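Two complexes are shown next, each including subunit A; its partner changes from subunit B in the first to subunit C in the second.
This part shows the complex of A and B:
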């Protein structure tokens, strides 16, 4: 009896968490008429909505833009954060204050950054460009990446480095030969998190792109036109947009909580 | 891993040539490398943190509506904001959403974590499924919830009809719309609470629990006196991080009511004044307020966290 009750609760929880995700895929396979008839649970699936994304309103550009911006910004973030995090963890550069300032950018309301940069970018002609959004995502992800990497660096015992340097390696060579192989898993986790944040980000993308550099998130919002919401194609695009993040959530289970809490909780 | 003499000669810095170091050698030398490594970060920080901050501060003392020269008006923007009923309503609503969402998330998270904190068949699969909502695009899910809660085409209303209830226009009334937005955010972030608490439950000292069991303490007593205090730091971490994120909530609003129907929260208001009315001065003042509130809230929570950590040790 207790077991039955337990499984009943588990099933309810699973349905609660999965239902909206499943519904994205169900809706994306429905025909135009079926989308407006929720009472029809059994329907004949169609790929009409996916074809719509290819032919009627091509969305390939939005995916391309999002991919370019996501990967470019993540590469930049790692290039900035990796050395900085190393410096923070080994030399305690700035006595902790600098690290705290870095992390506090994550508390900033998005509008505090959006307002000045909107005018700056407008003057510099960076609105609706890939570079503009890449720079914003650098700001957006940098503090998070630095702090997470800081935690990973802290786990590498300093003695390893000392012994390598006693053996005659320079600081740079030590980093390349000893530290980097050890930090690689942590760096991979951080990279994936940055990729996901940049991929999902909507606020900056919505304000700073119009047509040329429009990302997937903004493309989704465009289906909500002035007259009607095109639920079918929108669901089809959603199903494609959330697929990589769903896969990441599944494969990174061990690290998600650690990443989200900036390393404070090891899930 | 490293053998003595392994390519040492190649990697070693050349023996010092007094006063003839190149810049590269200077930067990678022991003395300056710590700063050389953080320079890129400092540049980004200066450009992306201090510039916007000072710009907002400066603009908050100006009257500047697009395409007209700005005029210095002192504290007028702040006075206007403080006398604006809409601001206070948005602020109150933001706090309401904060308190209710975080309370519900923690309660649900605690319940589900206690439920899942045992060995059972397929536990890894089930935990994995529970994690799925966390990383999904919030905008996509908000739009999906908007569709699911639709009065005619939504599955939620359809289910309500099937079990004999009336259809509800969820996003049409200020009474329900704000709860729908909370629901979206709670749906997405309850897994966060679950897994943070689960991590805490796994780290609980087993001997204390056993001792309490042997002494015949009731479950409620154990939970209140043993489990809850040791989880306190983690609960405060959840509250702290969720406050940081919730205060900037934007996507669920954009995906559903777009700030209408009595759901305008603080950040949406700043967005509206900045990018719909382009009243830059007032938006700057509001942004500074929003930042200030975040910092105060987080500082208070951070102190609580430190206190709880001290007590847990």
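This part shows the complex of A and C:
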């Protein structure tokens, strides 16, 4: 009886999570006529919608933009956050205030920052540019990444560094040889969170880009026109857009357990 | 190996927290020196300053007469074994032990030789290929010792290396640490809060409290001539008993119990000016002589409250007026609970301290 209940719950949850994804993939393979006949379970699949993305309304640029912006912003975030978090955790830089200010940028709604940023970016000519979005994502992800990494660094006992320094390593060599191997799972988790967030981000991409730097998430919304909703091509593009995040999630699962429980370095 | 001199060293942390106050001491080449004190007494700060992990706020630190205040830990060539072992989890035991040698850029073959040699000395040969997490606490500590020893450092610093072990392993490792010290003739500074460890290991002991050195000396000096109440009370288990007393003559004190007065002779003379003053009498539990009945004036009656047998001896808690005293007596002495026994303090065992300054009054 308990087992039955357990499996019943599992099925409900799985259906809840998977159904939308299945629906998107199924829809992307349907012809225009079949899309509005959900009762028809057996249909002849077509790649028409995917061809549409290539020929009728090219979307390749949006994918390219999203990739560039996602990876560039994440690389920058890690370049800033790793040393920042390290310094917060070891030297208590800024006496705690600086860390709080860094984290607090995530506490207000993004809309609050949108307007000042918009005017700033307009004056600096950064609207609808890759660098503009990269900077924005750097701003928003940096606080989150610093906070996460700060926690990971804190879990590494300081004695390890002291020991290595006494053993004859400089602080930099100590970081490379002792701290980095231990922070790697945490850094991987943080990186992937940043990648996923940047890839999925819609609000700022929608406000700050028009054509040149438009990303996938904004591109998806374009199918929602004033005359009709192009379900087929939209589903096709969605199918492609979620692939990287699915891959990231799959890659992350082996790290996330270690990354979130790796306080056991003391032994 | 080096000689270490600390001259008037201060450590004041950001925010004005005073951790170490004007500490001066020296450690001879090859000496085993223990810094003993309760937690928060500044002993670890002192050690970390010697290691170079903390800046010295004021004062001078010399290795072999050379000022090392500004040198980094690696330049000081010291070895440090931590309370928490601080092993590198992703590396094997072999790699952990070899770590300091690799920093020095030693040849692979030479490293291999040295690692094997030190592993042999510390019984680690069987576990060289394992990861630290698969080792017991005692083994991990031995690895951390091996890593510290392999470099032939100027000074060997040990920060409570045994505090995470159970009693049996602790006694075992204690003997081993002393043996290694004797074999290598290593200048060793050992920080501990455990007086038993300090007493059993060290040539000399520095007792610290509230950031200051209370007394420096050999075990005998500390034991027989404690300079103040803190040192007297910190060394010894069970701790020294303290009683209020009155100085009658320069060579005589008295205890008032109820209406009766018991007088005790002193081993030396107190300054005339203290005559008539109150003072604190200190006496070690092992040194109190228990008499079954009142034989002379120089004994105080007390009531037996608790008896803790320890095999050949027992700890008896008695009440002398309102003051609880611990007495260590032999098994066969009759100390039934509720019985009145008479305590006799021999002149050579009596310590006397000033009530205000808590300093010793007898040399």
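Quick note on the criterion: the second predicted complex is superposed on the first by the 247 of 267 C-alpha atoms of A that agree within 3 Å, B and C clash if a C-alpha of one lies under 4 Å from a C-alpha of the other, contacts with A are read in each partner's own complex, and residues count from 1 in each chain.
Please note the rule applied: a contact is a pair of C-beta atoms (placed from the backbone, for glycine too) under 8 Å apart; a residue touches a chain by one contact, two chains touch by 3 or more.
As the structure is a computational prediction, the values presented were derived from the model and not from experiment.
Judged by the touch definition given at the top, the superposed model places A:168 against both subunit B and subunit C.
Legend: residue contacts after superposition of the two complexes on their common chain; A:224 is shown touching subunit B, with no touch to subunit C. Measured by the number of subunit A residues touched, the leading partner among subunit B and subunit C is B.
Using the contact criterion defined above for the overlaid structures, shared-chain residue A:178 touches subunit B and also reaches subunit C.
Of the two partner chains placed by the overlay, neither subunit B nor subunit C lies in contact with A:25.
Once the two complexes are overlaid on the shared chain, A:242 sits against subunit B while remaining clear of subunit C. Once chain A of one complex is fitted onto chain A of the other, the partner contacts of A:157 are limited to subunit C, with no touch recorded for subunit B. When the two complexes are superposed on chain A, the residues of subunit A that touch both subunit B and subunit C are 163-164, 167-170, 173, 178, 264-267.
Against subunit B, in their complex, subunit A makes its touches with residues 6, 9-10, 13-14, 16-18, 20-21, 23-24, 27, 35-39, 79-81, 83-84, 86-88, 90-91, 93-94, 98, 101-102, 104-120, 135, 138-139, 142, 146, 163-164, 167-173, 177-178, 196, 199-200, 202-203, 206-207, 216-217, 220-221, 224, 229, 231, 234-235, 238, 241-242, 245-246, 248-250, 253, 256-257, 260-262, 264-267. Taken together, the subunit B residues at the contact with subunit A in this complex read 1-2, 4, 6, 8, 11-13, 28-30, 33-35, 37-38, 40-42, 44-45, 47-49, 51-53, 55-56, 59, 112, 115-116, 120, 124, 126-141, 143-148, 152-155, 157-158, 161, 187, 191-192, 195-196, 198-200, 234, 237, 241, 244, 247-248, 250-251, 254-255, 267, 270-271, 274-275, 280, 283-284, 286-288, 290-291, 294-295, 298. By the touch criterion given at the top, residues 157, 159-160, 162-170, 173, 178, 181-182, 264-267 of subunit A touch subunit C in their complex.
Partner subunit A is touched in their complex by these residues of subunit C: 48, 51-53, 72-74, 78-80, 82-90, 99-100, 103-104, 132-133, 135, 140, 147, 151.
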